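Look at the two complexes coming up: chain A is in both, with chain B in one and chain C in the other.
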Partner chain A sequence: MRNIKPIISSLLRSKSGPVLLLTQIVLSVAIVANASFIISERLALIDRPSGIAEAQVLSFRVYNFDPAMDLRKQNQQDQLILRDLPGVIAATSTNMVPLSGSGWGDRYVDGPDPETAKSLPGFSFYMGNEHMLNTFGVKLVEGRNFYPEEIKMGPAAKSQTALITKSIAEAHWGDESPLGKVVYQQDIAITIVGVIERLQGAWVDSSNFEYSVIQAVDFGGAMSSTTYLVRAKPQDIAQLKLDIPKALHLENPNRVIDEFYTVAEHRGHSYSNHELMAALLSVMIVLLLLITSLGLTGMVMFNIQRRTKQIGTRRALGARKADIVWYFLTENYVICAAGAVIGVVAASQLGQQLMNHYSLPQLAWQYPAVTVLGLFVVTTLAVILPARRAADIPPSLATRSV
Partner chain B sequence: MLSMKNISKVYQSELVETHALREFNLQVSEGEFVVVTGPSGSGKTTFLNVAGLLEGFSQGEYLLDGVDVSSVSDNESARIRNEKIGFIFQGFNLIPDLNLAENIEVPLRYRGFDSKERKRRVEQALEQVGLASRLKHLPPQLSGGQQQRVAIARALAGEPRFLLADEPTGNLDSLMARQVMELLENINQAGTTIIMVTHDPELARRAQRNVQIVDGQVCDFTSYQKSRSTTSTTAEPA
Partner chain C sequence: MFFYYLDMGWRSIRKTPVLSALMVLAISIGIGITITSLNIYQVMAFNPAAERSDQLHAVQLWSQGPDTWDDYSTIITYQDAMHLRTGAIPRAQAAMFRTGQAIQSDNPDVLPELRSVRVTDSGFFSLFSVPFLHGGAWTEVVDQQPAYEIVIGKAVSQKYFGKVNSVGEVLYLNRKPYQVVGVIDDWNPSPKYYDPTNGSFNDAESLFVPFSLAPVEEFAVWGNTNGWQFEPMVTYGDRLVSEKSWVLFWADLADEQAREDYRAWIQSYIEQQQEMGRFTDTAKADVQLADVAKWLEVNKVLRKDNKILVALSALFLCVCLVNILGLLLTKFLKRAPEVGVRRAIGASRRQIFAQHMVEVTLIGLLGGALGLLWAWGLLHVLTERFHMDDALTRLDATLWFITPSIAMGAALLAGLYPAWVICRTQPSVYLKSQ
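Coming up: the complex of A and B.
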């Protein structure tokens, strides 16, 4: 590093070359830092556990066309048939499917008087019977599951019981146990009987995604089409997609049974935008770094071309090959360092803009830091090969070239 | 102090083999000022390059300062060039985007001198060539003669045992050429051994010893000068 001063003064005296490269590095730092931050944010979203045995839970819909059918009775019958199928661990009718992008939402208040009652966080509103917990494979951490006799036929019953996620309990009551608390859904009083460790809702982008409630209501039969959830081992799912329509048609052929998706598949659809975004940004980062390293290599090669005689002269005056390699590395480290300083400022500016316009969290300092580190690695890789070629310029060039 | 015995240098290209030096013999003693002349393509630059460890050679024995340099490593020959040899080139070879002081510092930095020592040597060297006031100028702002004097200062700053100059006046008009020659003569008076290649018969005539190279070999056409010269030449006949 003892030769850094003349390298800097030489750089300051040269014209557009370093400025272009500097700009490129500034942009790379600013964009790569923010892009990688966004990618990691998206990946963290995708990574959130749903609480559900996603690969084991199969959802499908039954469209009933028989006008003479007693829908509620048929629903009860169909659930029994499903639970009897080989490979089925549990089955329930439901009003919504987790992570599917469509569902129900509501909000409780903690008292009967709408004037004074405080609101609990909004939640995804599942309606299911005593089989729903086991069908999802979610974990009950406090209280109990529904008793069969608690299950109401339809959402409008006057008094009901509910299971809520721990996230809701903590948001409203903190450390206090929610068991036995009575909350209100318009004029319906609902007693909390159990706490679920984790159960996500239908909309992956919702801020209430982690807040879910299961109310003891068998929603099946409320409409002519019914959604069912069946839990089975993943290796049995394919067979069940054939067995389920067969068994239900045997019971009553006047219906269409369709839309088989596992919750894992719903997850894939729901996060596909995020995955696409992460993939696009990754490609962009790679391209940017590639372009920057090409720019660096290009500039070094240009400088070597321009300075062949100078390099030969330096060798004649006593530079070792390593001195020549170091010359080019140092020169580009200087540019890289200057670019990094400006780039970090630009990165946080850009981060601020993204924060304001796209409601992103504040850019974490690790991202610009790692980006700068990465750029030094890229610089080294891009410069070292041409610099080693430069070191092979023979000292005799000093006398041979005019 | 410089002794070449039966040095051969062959350039091998795809089609032709050029024997740039053949059975080349030359002894140069401490303090001599040797002028090398000869037709174009005769091997003068090749001789200087081999002498200055800018190039290796194919055969023979070369003792520099008593040290056999025929098989020194690349790093070692860089060190020898840096410490023992000062080069002066026809095209000056100053680095255009470094100022004069920085140019003179280039070999001193490779030598590892600290900034105080570098400063002292730069000032002294520029003093010696009469350009003390131009430290911060860039080479293109100077005339050719001035640039060559800076290059000489750069060669001198390392306090070398040898100066090797390949047509140092080739790009200068005759007045500037004479000034540079006088400067080199003064440096030689002060004790530095100089070997200079030139085309200029007038400069050649001023030299203490004249070695002529023809077709890669030393030609002893200098008996006339030899007889007038106070020191004896050791150039061997072809």
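Coming up: the complex of A and C.
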């Protein structure tokens, strides 16, 4: 570091080259810091556990178009058939499929009088029978599952039971146990009989994604199309996709059975936009670093050619090879340090803009910091290769051409 | 002279292959990234209604109670839609929603299949300029008095009847016979602006049945049903008289006068309804007429992510530009002695400048071509990897034109300063040192 002074003065005299490098580093820090921040934010979203045995839960739709069919009865019959199929662990009708992007949302209030009652947070509203808990593979942490005789045939029955997620209970009652509490939808009273550790809803971008309720209603047969959920070991799923339509068509051929997707597949679709964003930005970061380092290598190589005589002279006057390499590295670090300072400011400015215009969260300070560190490493690599070649310039070169 | 410069440029590029390759690579990657995000942006921001964009209006009503929804709903209630259908001001109008039906024909070889069906009025086809091949829409009488008539797409006609002109044939929906009255050509506006509810880039339906059949056939709603108060809908009749929103309504309003008249007409309807105890949010109860551009915005067809990507890739391109600028400066300065000689034997500054700009343009063109290849590859990988809609990743035709322009423009911008520096070379300096 002892020769830092002459390096700075030489940098100041040859304006354009270092200025360009500086600009590039400033822009790189700004882009990479913000891009990696967005990436990590998206990956954190995707990583949230759903609470469900995703790879084991298969959803499909049965569309009945036989006008003579009693839909309610058929629904009960179909569920019995499904549970009898080899490989099926559990099966239920449902009104919505987790992580699928379409479903039901609703809200409870905590008292019968609409004037004084307080509202619970909005939630994803599952309707299912006593088999739903086991079909999802979610964990009950308090209370009990539904009894078969509790299951209602429609959402309008006056007195009902429900399971809610721990997240809802905590949001509304804090540490108090929600078991036995009665909540209301207009004049329908719903008793909470159990608490589920974790169950996500249908919309991955919803702020109420972690809030879910299962109400003891067998929704199947309410309309001509009914959705079913079947749980099986992942290796049995492929066979079930063939067995299920066969078995149900045997019962009654007047229906269309399709849209077979596991919850894991729904997850893939629902998060594909976020994955796409993360992937595109990663590509951008890698290419950016590549371009910056290649450009830097190119410029250092040129500088060495221009300074061949100068380097030879220094070597002849006693500079060691390491001194020459250090010269170029120091030069790089001086520019990098200046670039880092301005770059961090630019990064937070860009972050501010993105926050204002596209409602992104505030850029965390770690991202510019790590980016700067990364740039020091990358540029070191980019400089060290040509600099070592420069160190190999023989001292005789300086004397020869004089 | 131009071709001479071109030749010199090409020689110069070949003389420093590594440096030139670096520059072409840098510009191509910058262009590749920019074009990729620009392409996705352009497809999403596309307004398929073109010159009809400011005439077609989706009708949105503030029918919710106070302190419930913060925005106009994109869909309206059935009872409001039924009243709007009596309006005389629009040149064409249609209520609509999506349903699904099991389709069969008398041809026993074709298995029944479930397909989405658009339930709408005869005005739909003129509103959205749907191209008919044979026959046409059902008559306006059918909009009032339900009849089992259907308009189908070319592909459906081919599949179930083995011919394009199937007018007069019978198609079964949920085992009910419908008479085919019209066959339309392939029609698939992207974004699916007439109903972006279940995905703005889904395919358009190819089966259309009269809206007047809805209360008779009780078509299930394959779209959103939004409610702001609890109303258990046990029967289809409950749905028809409820405050739940689930119908889209479009009107063709030719000019500002028509829009004003229409707004006033709806306003008087709202006031009349208020007397009957509906539209209870008196401060805000109103109508919003969204033309197509506004409608796409309301439905957030263009995601924020796309804007971020375009912004970041524009910055990325800037980095590439600065990079190239540095490399060009390096390269040109290396050639200063040669330029000194050229200047000494009579080349003017302007000629030196032009010569170098031609070389830079050549590099830009090469980079642009390579960049287009990158973008094409990247879009393909994205479609494969993320099951993205083909419409989103197809390279837009205009980009074949825009890309080389951006590439050359970028290269010229980057080359301006280096070329200016080099053309100011003092011949004497280099002649002396020879």
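Keep in mind that, in the parts below, the second predicted complex is superposed on the first by the 400 of 402 C-alpha atoms of A that agree within 3 Å, B and C clash if a C-alpha of one lies under 4 Å from a C-alpha of the other, contacts with A are read in each partner's own complex, and residues count from 1 in each chain.
In this text, a contact is a pair of C-beta atoms (placed from the backbone, for glycine too) under 8 Å apart; a residue touches a chain by one contact, two chains touch by 3 or more.
Every value quoted in this text rests on a predicted model; they were computed, and no experiment measured them.
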Please work out whether A:Arg315 is in contact with chain B alone, chain C alone, both, or neither, and reply first, second, both or neither. first
Chain A contact check, chain B vs chain C, more residues touched by chain C
For A:Arg144, using the defined touch cut-off, is the partner it touches chain B, chain C, both, or neither? Pick first, second, both or neither. neither
Regarding the shared-chain residue A:Met284, is it in contact with chain B (first), chain C (second), both, or neither? second
Counting only touches as set out at the top, which of chain B and chain C does A:Lys246 meet: first, second, both, neither? neither
Output check: A:Lys73 vs chain B and chain C. Expected answer is one of first, second, both, neither. What do you get? neither
Looking at the overlay, what does A:Leu20 touch: chain B (first), chain C (second), both, or neither? second
Shared chain A contacts, counted only where both chain B and chain C touch the same residue: none
Which chain B residues qualify as touching chain A in the complex? 45, 48-49, 52-55, 74-75, 78-79, 81-83, 87, 89-91, 93, 95, 97-99, 102, 105-107, 109-112, 138, 154, 158, 166
Okay, in this complex, where on chain A does chain B touch? 2-3, 6, 9-10, 13-14, 309-310, 313-323, 394-396, 398-402
Touching residues of chain A toward chain C in the complex: what are they? 16-17, 20-21, 23-24, 27-28, 30-31, 34-35, 38, 63, 65-67, 102, 154-156, 185-186, 188, 223-225, 254-256, 258, 268-269, 272-273, 275-277, 279-281, 283-284, 287-288, 290-292, 294-295, 298-299, 302, 305-306, 350, 354, 357-360
For chain C, which residues count as touching chain A in their complex? 18-19, 22, 25-26, 29-30, 33, 36-37, 100-102, 112-114, 174-175, 198, 220, 230, 232, 234, 303-305, 307-309, 311-313, 315-316, 318-320, 322-327, 329-331, 333-334, 378, 382, 385-388, 417, 421
